[in-house]
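You will see two complexes here that share chain A, one where it goes with chain B and one where it goes with chain C.
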Partner chain A sequence: MQAATSVTQRTATAASGNTVNILAFGGDISSASKDAVLGAFHGLQGAPSRILLDFTGVDYINSSGIAIIIQMLLEASKAGTQTIGIFGLTPHFQKVFTMVGINKYAALHKDEIAALAAV
Partner chain B sequence: MKNGSSVQVRLPSELGFEKVAMSTAASMAALMGFSEDRIEDLKTAVAEACINAIEHGNQLNSGLTVGVVLSTTDDRLEVKVIDDGAGVNSAPHAPDIDRKMHGEEDPRGMGMFLIQALVDEAEWHKGPPGKSFVRLVIRLDKENE
Partner chain C sequence: MTKARSRYGCQLRTLTFLLAFACAGVGALAQAAPTLAIGDLGRGAVALDGPWQFHLGDNPAWASPQIDDATGQNGWAQITMDKPWGQQGYRSYAGFAWYRKHLSVTPVPGTDGKFVLQLPLFDSIAQVYWNGILLGSTGKMPPHPSWPADGCSCTSLARTIPLGAVHSGVLAIRLWMNPLMSTDPGTYGGFTHPIHIGSAAAIADREHAAAYHFLREMEYSYALQCLAALVMAFSLIGWFRDRSQKVLLWLAVYCAGQVTGTLVELLGPTFTFGERSVFFSVADIGSLIAIWFLLIYLLRLDDMPWLMRTARWAGWIAILATLVDSSFYLRIFDLGNPAVVQAVQAADWVLTPLVQLCMLLPMLLLVAVIRRRSRLDAARWTVAIFAFLRTMIETVAWISMLGARFTHWTLGSRLYTPLFTLGGTGVDVITLVNTGFFISIIYAALRYSRETLRRQQIVEQELKSAQELQQVLIPDELPSLAGFAVTSGYRPAQEVGGDFFQIIPLGEPGANQPASALIVLGDVSGKGLRAAMTVSLIVGTLRTLAETSSHPAEILAGLNRRLCGRLHGGFATCLAVKLDANGHCTLANAGHPAPFVNGEEVSAPGALPLGVAPGTAYEETTLHLRPGDHFVLYTDGLLEARNSAGELFGFDRLRDLVSARPDAAQSIDAAVRFGQQDDITVLTLTRLAVGEEARIHVLAPVLTPA
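Let's turn to the complex of A and B:
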């Protein structure tokens, strides 16, 4: 009964001139999202040093989904990714992500423009 | 909405159905005049309570249901989420993101913390099967705090 998670991958050029991988999520981020989220991360070519996670298209996030994002951050850290940013969260989920401390390991940005200016 | 109104919902013990309780709670809170950000807080708290009841209380047993009882007074909305489990033994604890990021703490286990942080009152009651519940309350007088 859990709704599916979609992930699309694209690249963009940051204000710094660096290439950034963007993983854009859609649908629900829940316990059923593990394969979609971690699979998309594992599918990135090489060991990208800059990744942005786009939540603009996400309808629903629960604590199990947040745990999968934390697991992805952990794997990215081990893989040597230098910068991970997050954008597109609603104000409520910006608050929730801050409450659980994710902002310590992934900067939260209002939108893609702000995120690309920062990485 | 009349003071003392009550709505009951029974959810299958299947993940995803927590959204039915979320929507119901959001509708009742909106009728009472709660602000959009408080309603978002309530939705997350109710979803987490239902997920815990489905996963841990009823252990995803399709033969069991989760009861959700929403009751209003003039200034408060109470949500009880009832399951057939033995109740929780531990108190909510704040997640330690550093330990999670070092693989020293399960990335999961944030539900009770979020529930307690997002509503005005949260109590977990242990009981016999069908009687364990978590009780959540949001109050209108907390709207501007």
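Let's turn to the complex of A and C:
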């Protein structure tokens, strides 16, 4: 039984003084999450170019969920105007994200403080 | 003075005469309560008809034979018992009232002179007094009332009260009618049929006759309910055999709602009237909700998520509102308290229209069908038309009854008036439409089940073809690898999975054993037929590429270029390994979990999976396997098995597992025991010492899910 995906958006100020948009995900991320995840990301177009993805509230990400995140990162990479960082992943999913090469498109941070210090 | 006295005397006489005349006039207006004389009572039952003294309100003294209950005196009036007080000048009255009758009874000589009263069924609570002495009651008076039907197995049967040996006196009946609710027309209250008096045997005969009459009236309804019980049983059996047949499930729920009424009747003495009201109301609303979902599936609207959500919400609202509304008849409210009564009435005025609003959902479904221009067969159109008629008639009836005591609309009650009699049963327009709807829905459900079965047979045939395809793609025989003992295992999570592996010999043609081999293991995102078709595409492409290149990175890049844009938003992780007989190993990884050697994870750089970005480059990693080294390749189904608490099998458990050097079957069993979620493929290769013979153990693909 998969939990529904929730996405909330907030802003924070990075150590550099720049405004950062944070998309906080919750529940499970799977094929059913496509609209929620990509919809939230597309909603940020025209917003500040620094985005952090918060996975603290995520319980599980399956292969289709990873495909959605990769799609999002490739879109951002293609646009070339957005810097994306990721935090809040469990050690298991940090390893999975590294395995599928996500770390080449978005820096992985331990927590929000580390992420805000880096962007 | 004398003259004056004489004049005063004359005036006094005139005044006395006028006073006497006035008194005589008042005496004529205050008509004494009549006495009903019944002679030779004993061999039959006699109706206590004719006028009864009647008084609104409540006073314990009114039980006494001593009071003056003459018509027009002290608020006493006369009404009859053949119709409710709401139709005899006391419209919209609810609460206490008293009926009194003066009787003079002469028993037939030779009988014991003991009589029994038979009270007809009515919706008020009554206490019966004879000459001021309480003889019995039907139900229990407020503040926490219980209704006459409590503990009665058949609501249409009258109640009897032993009267004993009586001659002349006053029969007084104290009544309480519950507060008016939103659909009460205000024309009810009190008796609608006269009380009967007679010997115990005569009253028993009347009861038997009434029971027979009741059963005759119920014949049509019982016949329909027997049919509903049969349909429920067959639908449930059908649904248990194939859980995807939602129509059968909802048909069973609908029939259960129809049958519940009779079951509760049979179990009547177990429940109070209030409890039965709750059961009836919930069964009714359950039946109604079942109709919504039946229509959704029959009219092929189940692919509209907003409609399903709306139906679910409306269902919960209707159930909750009905539960609260019907709980009024439970003995939990102090109905002697006007504030509580007002609160109950206010809640009823809010909840009843809310349920009525939910009842309009079939109209929304029909609008959805029309807007989609769905092509429906005749059976489905018949269901749709009957659903429309049923919803319209019931809605009109309820709206008409809602607040009828203010509007005086009678359409609602007229719709429940029998049009004709069928075998003793009065059949009204609502019963007619409901019967038509019931029959049409059974016919449509049968057709739906047949269609679904036929479609399922086609899908099963397609799946079988896909399984046969997969059996060709997942090798059940492996080529021997010089210098290695090999075990392999594969267990899909569904009938057709998305894992694949291939061992392609790279030796010189004609040689007994290849010098090296290309091992490719991967996982396509998603499951089922689509994943299997992608696997077939990958395996075909891989075998073509392997004819021109043996470099893992080149092969992955070639696969990636050919897969990009063809996986519909999905991807495939893949690990390609070139393994030489001397233990030299080159591997490249496209987003796949890294393999283990002797319980240690091989450090292989991560890269995007196949089919995501066309220009992705893959790096190669080399390692050397020594004799005795245990090399494990696997798919993420092993890593991401989840137990009932939601915990992942994870890297730590996997490390512990592979450290014990299990074969493929043992690894798969461990993950299945933990909680398989996805396809699992495991391949183990153990480097043999010089002189050891190559061994192969293949766990044949298990094409049935665990």
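Methods note: the second predicted complex is superposed on the first by the 112 of 119 C-alpha atoms of A that agree within 3 Å, B and C clash if a C-alpha of one lies under 4 Å from a C-alpha of the other, contacts with A are read in each partner's own complex, and residues count from 1 in each chain.
The working rule: a contact is a pair of C-beta atoms (placed from the backbone, for glycine too) under 8 Å apart; a residue touches a chain by one contact, two chains touch by 3 or more.
On a predicted model such as this, the values are computed, not experimentally measured, just so you know.
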Practice task
Would you mind checking whether chain B and chain C clash or fit side by side on chain A after the superposition?
Solution key: clash
Practice task
Return first, second, both or neither, reflecting whether A:Ala32 touches chain B, chain C, both chains, or no partner chain.
Solution key: first
Exercise for the section: Would you sort A:Gln9 into first (chain B), second (chain C), both or neither based on which partner it touches? Expected result: neither
Practice task
Name the contact category of A:Thr98: first (chain B only), second (chain C only), both, or neither.
Solution key: second
Exercise for the section: Classify the contacts of A:Tyr60 with the two partner chains as first (chain B alone), second (chain C alone), both, or neither. Expected result: both
Problem - Location of chain C clashes with chain B - one stretch out of 525-533, 543-551 or 579-587 - result: 525-533
Practice task
Enumerate the residues of chain A that count as touching chain B in its complex and touching chain C in the other.
Solution key: 31, 60, 62-64, 66-67, 70-71, 74, 91-92, 96, 99-102, 104
Problem - chain A contact footprint on chain C (complex, rising order) - result: 523, 525-526, 569-571, 573, 589, 591-594, 606-609, 612-613, 616, 636, 640, 642, 646, 648, 650-651, 678
Practice task
Can you check the complex and tell me which residues of chain A touch chain C?
Solution key: 31, 34, 59-60, 62-64, 66-67, 70-71, 74, 91-92, 95-96, 98-104
Practice task
Using the touch definition up top, name the residues of chain B that touch chain A in the complex.
Solution key: 12, 14-19, 37, 40-41, 44, 47-48, 51, 95-98, 100-103, 106-111, 113-114, 117
Completion exercise
Counting only contacts in the complex, chain A reaches chain B at residues 1-3, 30-32, 60, 62-64, 66-68, 70-71, 73-74, 77, 90-92, 96, 99-102, 104-105
